[in-house]
Amino acid sequence: MEKKMSILMFSGDFDKALAAFILANSAREINVEVTMFFAFWGLMLVRDPNELSDEDKTLWEKMFANMTPKGIQDLPLSKMNFAGIGKKMLLEMMDDSDTPPIDAFLKGAINKGVTMKACKLSCEVMGFSDKELLDKVEIVTAEDYLRDALESDIQLFI
Amino acid sequence: MEKKMSILMFSGDFDKALAAFILANSAREINVEVTMFFAFWGLMLVRDPNELSDEDKTLWEKMFANMTPKGIQDLPLSKMNFAGIGKKMLLEMMDDSDTPPIDAFLKGAINKGVTMKACKLSCEVMGFSDKELLDKVEIVTAEDYLRDALESDIQLFI
Amino acid sequence: MEKKMSILMFSGDFDKALAAFILANSAREINVEVTMFFAFWGLMLVRDPNELSDEDKTLWEKMFANMTPKGIQDLPLSKMNFAGIGKKMLLEMMDDSDTPPIDAFLKGAINKGVTMKACKLSCEVMGFSDKELLDKVEIVTAEDYLRDALESDIQLFI
């Protein structure tokens, strides 16, 4: 029977997102089923940069949507970000060592069939609609996350 | 047989605490047994704001107790806290979307029978006595945490 | 059959490193097999302070190696670091409560047979060679981590 991994992606940091997508891609390579559940800051990873919208947003939600990363390439580092200099440094180092960019890992995860879900409550609080997230992402409840996680062999909170 | 979830709550951030308590409440709704083990900054979530005390504390412990959050409502955001402005914004957004406040999730977890434990070593280092924590919380060792986590179906480090 | 715990150590924070090594030591006390996989900032925990080298490093990698912690005692706190004052405070409090220093937990983990691995991709991106890491640490791929984690009873991302 197929093994399963469940990742609850809470953070909106570039480095943690990279770690999560590398794990998701590697898991698919060895035929492990993967579900990623994006909650809270993790929603920033699956915002569709081409579908930004202020429609149906309260004033707070508009401000929030404008102050936060517009997609995966926009994410800051969790440490040593130094207003973007640290991230630039990391990107150069990734390039030097021929590591693919983060959106390649995101696309890889989608192409390899990683299941991607977003937390309903987080979307409601932050005011993100289904349309503003990547097509592949389905909005579900915390209970749905738990039912899936209970049947997984690995559960990580990132 | 009943399924089990074990959460090691290490962080003292408002947003991560909210995530943990939403998961704990949701798990109880679907009859999953839940144990939360509060360690290090996670102890701030279960300090009893009505039982602050300087008794038996060293000078460092007194300073520490005064510089850190006095209970769950006092916690800062992990990101975008901006000296409290970001947190205020999030609280407004939670209110607008009719999300209950964090202490409702804490009380919900207690009422629904979530087992709450605090890390003995963390309490000793930080100088918190049993009396300063919420009544529901029992102080246990890291080994106790591990024995419980080994029998759980989900383990998360938050 | 022996139980197993797998820790993916992503963070380079003193407090999180302490938590991870306390868990690893406690697990060994109750005969749980432990694997720690150091990735990204977690590599800072297993740099050998006596084997710093600029050999074969690009300019970015040299800068990076110099700006980051040189070993486990060098790590900053995740919260309240205040340019080192918060960490000094914590070290005093650990000393007052007769808690061993962090390198004692690291040595304890090594002596008790905790398996220690470092992430190949992280080493390549950051420019760390095998020689610059503690002797006990072996460099492996994310797939190796996953295969081990799939067979563990507890998996934590710290």
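Per-chain numbering from 1; labels A, B and C assigned in written order.
Criterion: contacts are C-beta pairs under 8 Å (C-beta built on N, C-alpha and C of every residue); 3 or more make two chains touch, one makes a residue touch a chain.
Treat the numbers as computed from the prediction; the structure is a model and nothing was measured.
Taken pairwise by the contact criterion, the protein chains are fully connected, each one touching every other. Residues touching across the chain A and chain C pair largely diverge in numbering: under half of the numbers involved belong to both copies. For this pair, chain A with chain C, the centres built from the Cα atoms lie 25 Å apart.
In chain C, 155-157 are the positions where the chain touches two or more neighbouring chains simultaneously. Of all residues in chain A, those touching chain C in their complex are 3, 5, 15-16, 18-19, 22-23, 26-27, 29-30, 32, 78-80, 89-90, 92-94, 96-97, 99, 153-158. Those residues of chain C lying in contact with chain A across their complex are 8, 10, 12, 39-41, 58, 60-61, 63-64, 67-68, 121, 124-127, 141-143, 145-147, 149-150, 155-157.
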